[in-house]
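Paired with chain B in one complex and with chain C in the other, chain A is shared by the two complexes that follow.
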Partner chain A sequence: MSFTERMLKIDRRIIFLVIGVCTLVPLLYPVGLPIRISQEVRGVYDHIESLPEGSPFLLSLDFDPASKPELHPQSISLLRHAFKKNLRVIALTLWVSGTGMADQVVTQVAREMGKENGKDYVFLGWSPGGTAVIINMGQDLYGAFPADYNGKPTKGLPVLQGINSLRDVSYAVSLGAGRPGVEEWYVFGKDKYKFEMGGGCTGVMAPGLYPLLRSGQINGLIGGLRGAAEYETLMDQKGKAIAGMDAQSATHLAIIVLVIMCNLFYFSSRNRARSQGQAGA
Partner chain B sequence: MIFLRRQVPLLITLITGLVFAGQYYVPHPASEQMLTSVTKWLQIIGGFALVLGVSSLFHVHAIKIRRKEAGWGYSFVLYVGMLGTIVAGMWSNGKEAVDGAMTAFGWVYNFMMVPLQSTMFAILAFFIASAAYRSFRARSREAAVLLIAAVIVMMGRVPLGEYLIPLSGDLSQWILNVLNASVRRAILIGVSLGTVALSIKIIFGKERSYLGGGKE
Partner chain C sequence: MSFELIIGAWVATGLTLFIFTFLYKDNPLFKLAENLYVGVSVGYTIVKTYDTVIVHLVWKPIVENGEWALLIPVAIGMLMLTRYVPKAAWISRYAFAFIVGVGSGLAIPRTISSFILKQIEDTVRPLLTLIPGEGVTFTWNLLNPASSLNTIIILIGVSSVLFYFFFSVEHTGPGKVVARTGIRRCRFGPARCCHRHRYRTASRYRWGLACCCSRGGPWPCRLRLVYAGDRWFLG
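Now for the complex of A and B:
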């Protein structure tokens, strides 16, 4: 077996080791390269900035622990921004397996920003039905969620004063890791109940949401860890996303180098096989 | 019995399908009230579907354990995990924390479910890298185009890529905003038209597979 053939059949554990080192080293020794802000992320940030104090802001944390590394930093940044602007935060999740995590992030950021449950924010929790929950909230918010996550009746909560349905929400952001997520919030929510909307998603999902973005159906998109890092940069708060960008940079570069190498070996081995074939003929 | 198993569901589908397709265009309070009621039913049915799903899962794995089929040990682990979580959840009244103190359910969630799911997702990076090395080869012109686009987007989406090749950021944005968005839109339109066609077939009883097999 020639060198190129041996390299094409390289033990995958070597590749695992390369990726492991490329992830670990930048986390231990961060470089902190500058992060350029995209128009997609700026769209969400600018809209929240433009909202007057006390505006109802709905945040749907539609993800589970599998997407935590990408969407958790996004939710922290968005919540910090909303609380900093003194918006009334209405949080919920459409993913049952994400309920505990969503409750933790909302409570943690609210405590950090000195906000009061029921007055400045509410976590509605999870309700079965998926997209039906969105329609139900659009029809009657109190029908969809008669009580918040802690069992307190939603009717009469100061944070929900003047809000009867999704029509009364100033801005909604869905941080989605799949279905139901950003697309469902647009189709079943914004399209009918006419509220402004932005989105956040995992890196692999982002390209699929660009048609919604370009047509103005959503006014901004925070895509993956990069999007979260951009939001942290805009907020001037270094968090887990910025810390993870160096590791992501190194792993992307490692994969690119691996792909180029494998193509070089592939062409070299193909050319050799051809020349051997011609010599044989 | 055929009437109850076939004609009645078809009739319900026809009436509800037509009524709710029309409802979207009628903003009258009575029409809106009807939608409110029906979405509440949907939420309730969603709750029952969850119970049905869990009981079906239990049933399937109970058969596997009873027959000692290949991999029945995993089914046993599933049983222990599910029952353990249900007991912990009921014991803790479905709450992960009470007055800041973590409950048993919270412990299961934070120290078992969160790390397990995160690990599953994290190891994808290793397998993707290995798969990319083995299969991302420019075997044809189309594959070469895909390869070049992927390399540009991968470079443009990370600060190091933009630092090494400053143009990669703008190029990657152009690929995402123009090429990707237009192709995705075309796919979306196609899928949507297909969904409309399928819905019409279901409403008018042409497509009946949702009724299931079963004897006539």
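Now for the complex of A and C:
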């Protein structure tokens, strides 16, 4: 068996090992690759930056632990930005499996920024219905969420003062890992109740949301770990996303090298087989 | 750091490593982690749903606040359970009819507005722009999505793709040219195609890099640039 044939039949576990090493080494020894800010991410950042103090900001954390590596850093950056701007944060989730995680991230960032539950922010938790919850919130926020995650009645909370429905929200961002997510928030929320909206999603979902972005239906999009790293750069706060970008870039590079190598080996073995066939004839 | 946090971190790390052991080969540690993962997520969802829906949205409002009107949606929901009794299964159709009716009524107008009208609005742009002082102009900048050149590309792309999927007319003669332009235009959007088809048909679009990677298997056999007939494929 020639070298090229041996390489074409290489044990897949060696490739897993290469990917594992390419992930671990940059995490242990970060390179600090430069991160260019895209217009999509800047759209969300600039809009939050332009909001006056005390504006109601709705953050829907529509993901579960499976998408945590990409969407958790996005939620941390957005919450830090909103709290830094002294916005009134209304957080919720449409994914039942992500409720505990969403509560954890909101509470953690609020504590870090010195914010008070009920006064500066509220976590409404989860309510069944998916898109029906969005419509319900558009009609009556207190009907959709009579109590917050901790069981405290939402009516009378200082953070919700003057907010009766989605129409009263200044800006909403949905961090979605599927359905319900960004598209549902646009279709049943923004399109119906007319509030400004941005989105965040996993890297694989981003191309599907570009038509909404290009047509101005959403004013910004944070796509995957890369988007989170850009937001962290804008916030000037290095977090898990920037750390993860080196590892992601290294694994992408490894995949590209492997693709090129296996193409070379494939053509080499094919040419050899052809020449042997011609010699045999 | 609290003791619970340290124990939690060790459990999480251990279970993650158990999952990764599958990359070597199937083994009992992987099965343990896999079953735990499924069990915990289903258990969490059931408990959370029971607490939120049954306790907080149904039981407490009815018993504590006397909101008897809530019995109507509860009754409609209960009708669905008649599916499990063959003789009474027909009753569940009332519940399904109600849900399908309400769902369609809410979703259809909103979907048409968001995904058809708004997208058409963005696709149909003027070919020429009237700039005060400069008159009618044609912009060539490819990097500007709103430029006149991009408008023409979008016009050709959308028309030809729509024609490709119009099967009532045989694709021969000039129609063949338009249809081939359409399918070539489709191939410009492989990422979107992959996403839309949840990676399953990625190989059909000859761009299944992520799909092939996630499937595992001997990579050199799966990832290669192939010349087939008149075009190159990465598949």
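By our rule, the second predicted complex is superposed on the first by the 281 of 281 C-alpha atoms of A that agree within 3 Å, B and C clash if a C-alpha of one lies under 4 Å from a C-alpha of the other, contacts with A are read in each partner's own complex, and residues count from 1 in each chain.
Going forward, a residue touches a chain if its C-beta (ideal position, glycine included) is under 8 Å from a C-beta of that chain, and two chains touch if they have at least 3 such contacts.
Treat the numbers as computed from the prediction; the structure is a model and nothing was measured.
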Partner chain(s) touched by A:Met235 [first = chain B, second = chain C, both, neither]: neither
Touched partner set for A:Tyr186, first chain B, second chain C, both or neither: second
First, second, both or neither for A:Ala147, with chain B first and chain C second: second
Partner chain(s) touched by A:Met205 [first = chain B, second = chain C, both, neither]: second
Touched partner set for A:Trp126, first chain B, second chain C, both or neither: second
Touched partner set for A:Val259, first chain B, second chain C, both or neither: both
First, second, both or neither for A:Gln104, with chain B first and chain C second: first
First, second, both or neither for A:Ser38, with chain B first and chain C second: first
Comparing the two partners chain B and chain C, which touches a greater set of residues in chain A: B
First (chain B), second (chain C), both or neither touched by A:Gln217: second
Common interface residues of chain A - those touching chain B in one complex and chain C in the other: 10, 12, 15-16, 96-97, 100, 127-128, 132, 135, 192, 207-208, 210-211, 214-215, 255, 258-259, 262-263, 266
List of chain C residues in touch with chain A within their complex: 23-24, 41, 44-45, 48-49, 52-53, 56-57, 61, 106-107, 110-111, 113-115, 118-119, 121-122, 145, 189, 191-192, 194-196, 209-210, 213, 216-221, 223-225, 234
Of all residues in chain A, those that touch chain B in their complex: 10, 12, 15-16, 18-20, 23, 33-36, 38, 64-69, 96-97, 100-101, 103-104, 127-130, 132-133, 135-136, 139-140, 143-144, 192, 203, 206-208, 210-211, 213-215, 224, 226, 245-246, 248-256, 258-263, 266-267
Residue ranges of chain A in contact with chain C within the complex: 7-13, 15-16, 96-97, 99-100, 125-128, 131-132, 135, 146-147, 151, 186-188, 191-192, 204-205, 207-208, 210-211, 214-217, 255, 258-259, 262-263, 265-266
In the complex, chain B residues that touch chain A: 24, 32, 35-36, 39-40, 42-47, 49-50, 96-97, 106, 109-110, 113-118, 120-122, 125-126, 128-130, 132-134, 136-138, 147, 150-151, 154-155, 157-163, 169, 173, 176-177, 180-181, 184-185, 188
